[in-house]
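Each of the next two complexes has subunit A plus one more chain, namely subunit B in the first and subunit C in the second.
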Partner chain A sequence: MTAAEIRDEILNILEVIAPDEDLSNIDDSVNFRDQMELDSMDFLDIVMELRKRHRIQIPEDDYMELASMNSTVKFLEPLMKDIAKA
Partner chain B sequence: MYDTIIIGAGMSGLAAGIRLAYFDQRVLVLERHFTIGGLNSFYRLRGRDYDVGLHALTNITPKGTKKGPLARLLRQLRISWDDLQISPQVGSDIVFPGTRLRFDNDLDLFRSEVSREFPKQSDNFDRLISEIVEYDDLDDSHQEISARQRLGEILTDPKLVEMLFCPLMFYGSAREHDMDWGQFSIMFRSIFMEGLGRPHAGVRLILKQLVRQYRGLGGELKLRAGVERLAVEDGKVVGVVLENGEELTARRVLSSAGWPETMRMCDDGAPVVSRQPGRLSFCETIASLDVEPKTLGHRSTITFYNDSEEFTWTKPDTPCDLRSGVICSPNNFQYGKPLDDGTIRITALANFDYWRGLDEHDYRLEKLRWYDRITESAVRFVPDYRSRVIDTDMFTPTTIVRFTGHDNGAVYGTPEKQIDGRTHLDNLFICGTDQGFVGIVGSIMSGIGMANMHCLRD
Partner chain C sequence: MIRTAQDDQRIVITGIGLTSPNGDNLPEYRAALLEGRSGVDNYHIRYVGDTLAGECHFDELKHQKRKELRRGTRAGSVGVYCANEAINDSGIEWSGIDRSRVGVYVGVTEHGNVETENEINEIKAFDYDTKVWSHHHNPRTVANNPAGEITLNMGITGPHYTLGAACAAGNAGLIQGAQMLRLNECDLAIAGGVSESIRTFGIFAGFASQGALAEHSEPARASRPFDLDRNGIVVSEGGCLYTLERYSDATRRGAKIYGELVGYAMNSDASDFVLPNPVRQATCVNLALERAGLNASDIDLVSTHATATPSGDIQECAALRSVFGDSGKTLINNTKSFIGHAMGAAGALELAGNLPSFDDGVCHPTINVDNLDPECELPGLVINESRENCKIKTVLNNSFGMLGINSVVIIQKV
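Right, the complex of A and B next:
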């Protein structure tokens, strides 16, 4: 997946986790926690959704890499480069 | 081989099941009773629907609220706010001799009521609220602090203290005489700062949504499947043996059966860590009326009453404690359409040993006798509805045992909670009442929390 495809995939995951959230004007550089009030349970869900969909394992120590859209995409790029877009 | 076997198809077990099934685990929920729900169940009698347990859901925040347990729960279970069809309460009150404090889902009403009835406590009450707001429910280090002590430092009128304890203890204290400060804060927020609500169809609507979601994700559910024991080998659970002799294997077990109840199931011979079982149980009378309660002038959703200045929260010496109680009218929520019948339910503390000791004949007679006494006690605080009753039912501590399997019919389980859900075995965990959260929203959060913490991350 390219960085843009990964971003779409994360958006899709956020839509599933927080269906009432308006994601159209999300700021990629701002923490999810601050703009969407995601809590630790929601971050676990991002990790679990990635595992469910793409068999990617993310160790707990790396959860902090998922703070914002920019950091998430950057962190996932090497892990997802060989995954074909569904 | 199951990834996870969950004991108990109550709110916590089903919620945990949804989490695990959603993330592709092979999950089985085992329920001893012939129906789901545990403490929060429902039944049909003489053509009428009844709820067990649920008076109202706590933690009710409006649609779109992002913070708080209800919002968190809906996200975690992938259920939308509209699925639960919750209507907010009309308004409730706490009544002591000479003093009535009304509250609804807007804290300002309660605040102004306290100021009016206890003018000198107004500032102290605001201070209490700000302390409660600051309490971090994910930090369990405050669990051990006595709420009586903490309140005594903030409020100087003992009657107000008693009037705050009355509803919070009735809705969730497993401990007698006192609560943990943490538990007090969580419950204060859930009842006074968030609020009360109920689906028009009652608890069955919530349970049906949970089961539909669970089954839709491939989760398995077996009713009339009581667990006889947990098979333990080398410090690990390897499976369960059902009462019918069937053996099932699992990589881990999550039990909502209660702490002492779960410990007894382990067949490893390890001494059960002594932990006081709960002693607080209830009787509840249920009256169906031929009119809506509001026609009789009863508009309150929940009325918590106590007939003296001091509120006593302990196992009564008498079969039921007639001094205090909770009067709930399921009609008095802001529904789009009225319920079929008028209903008034009264909950009072009860003595489990007394009720268990009766033979069938006496049990039936005593139910009638105490139905009358509880009702007589309650109509001191609400309009007398007795001439409009068309049907009645009553449950006792032994009914609670039948639905929950809890020792002593202990509604809120053991006084000492296992907040981290761990046991002496690596892959056996507990959730539900004895993990530490009560109420419907609390139990569901317990199931979610324990599933997330112990069952998802490997």
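Right, the complex of A and C next:
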């Protein structure tokens, strides 16, 4: 997946786990938590969805990398580079 | 004795929030009962396949966000809907309420089966890899979940818990709420019962294995308590929560009062896992009467528990015969014939459907009785057509469950 495709995938996951949020104007440089209602269980949902959809295991120590869209995409790029977009 | 002259020990119902397979508020539900409208329909569930059930169709988004729905359980959602509707119906100014003095007491037949089955089904697609088992599983399956979701949704900081009481749970919730008001543990109780049981295949499969799951080519005619051709239970979901207040508080704020809880009782059969015990049921009814300071002849209407299993119906009729005799003065009906067995919600829902009779003087019937089982013949049984122009001031509501748990409440017009 390219960086743009990974971003689309994360957006898709956010639509599922935060269905009341308007994601059309998300700021990729700002922490998710500062622009939408997400708690620790929601972040675990992001981790779980990546595990279910792409069999990606994210160690707990790396959860902080999922803070914003930019940091998430940057962190996932090497892990998802060989995964084809569905 | 429960009954007392002290107004702060008298407990009254001031609000009702409900969802039933045939109505999502009391007026709708009552109209369906008087019109003979069933809520039972065809239903499909994994592994079991095509069967029958009573499914609720309330607006889930009326009181919850999509995210709450996704994170929570169906029982929680039913509870949140009913609790909000009950508060709205009560006329209480919610924004001015001290929510640390509100208690939530929700009866459930079971909880956690639905969520566990869903997770097992989910990990099956991953060759049972438990690494994809949801972190939401524990908060969804803890036994207090349906009551806890209500407190989260409504910002209630008083006590909350569920009462696991099999199919006696609806009455048990109501009784618990009254007791907590009397003990001054809260000033307002949200109490009753909920059920999500149609979402678990295990309930259906279990009743089928027991030979107690109803089958019928016409869904609306499948739930047939007291009928010779009955062949089992129709499983339903639903919820009914009441706002309970002390009489003194209710009158002070000029509240509408549906009725007063003048008597209640719970006891145990201690005789069988499944089969009911009419002696213990009669003891429970008599205990509720004694605590209310009433005689059997003071009861105008008995709302029966009968589920359309041969043994259960006959045993309850034997219990009622021993208490009420053959006078026929006391009317007897059954609501499961319309909505099926709403499990943890059954007792609370069945009571609610009869409370409007205080004002409209109508006793709704037991429907689907084409051939009355002679062993269920009771002189006051109201069959297939409503009885009008009745003077109904006192209703006794039966609710019994597996492992031999019995509950009875008596509500009187104020």
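Everything that follows uses one rule, which is that the second predicted complex is superposed on the first by the 86 of 86 C-alpha atoms of A that agree within 3 Å, B and C clash if a C-alpha of one lies under 4 Å from a C-alpha of the other, contacts with A are read in each partner's own complex, and residues count from 1 in each chain.
Throughout what follows, a contact is a pair of C-beta atoms (placed from the backbone, for glycine too) under 8 Å apart; a residue touches a chain by one contact, two chains touch by 3 or more.
If you're wondering where the values come from, they're calculated on a predicted model, not measured in any experiment.
Applying the stated clash criterion after superposition on subunit A shows that subunit B and subunit C collide.
Residue contacts after overlaying the shared chain place A:Asp34 against neither subunit B nor subunit C. After overlaying the two complexes on the shared chain, residue contacts for A:Met48 are found with subunit B and with subunit C alike. By the touch criterion stated above, A:Glu60 is placed in contact with subunit B alone, subunit C being left untouched. Only one of the subunit B stretches 114-122, 150-158, 240-248 or 366-374 carries C-alpha atoms that clash with subunit C in the superposed arrangement, namely 366-374.
The residues of subunit A shared by its contacts with subunit B and with subunit C are 16-20, 37, 41, 44-45, 48, 51-52. The part of subunit B that touches subunit A in the complex is made up of residues 23-24, 63-64, 66-67, 72, 75-76, 78, 80-81, 448-449, 452, 456-457. Subunit C meets subunit A in the complex at residues 65-67, 70-71, 126, 131-132, 134-136.
Interface residues of subunit A facing subunit C in the complex, by the touch rule stated above, are 16-20, 37, 41, 44-45, 48, 51-52, 57.
Put simply, subunit A touches subunit B in their complex at residues 16-20, 36-37, 39, 41-42, 44-45, 48, 51-52, 60.
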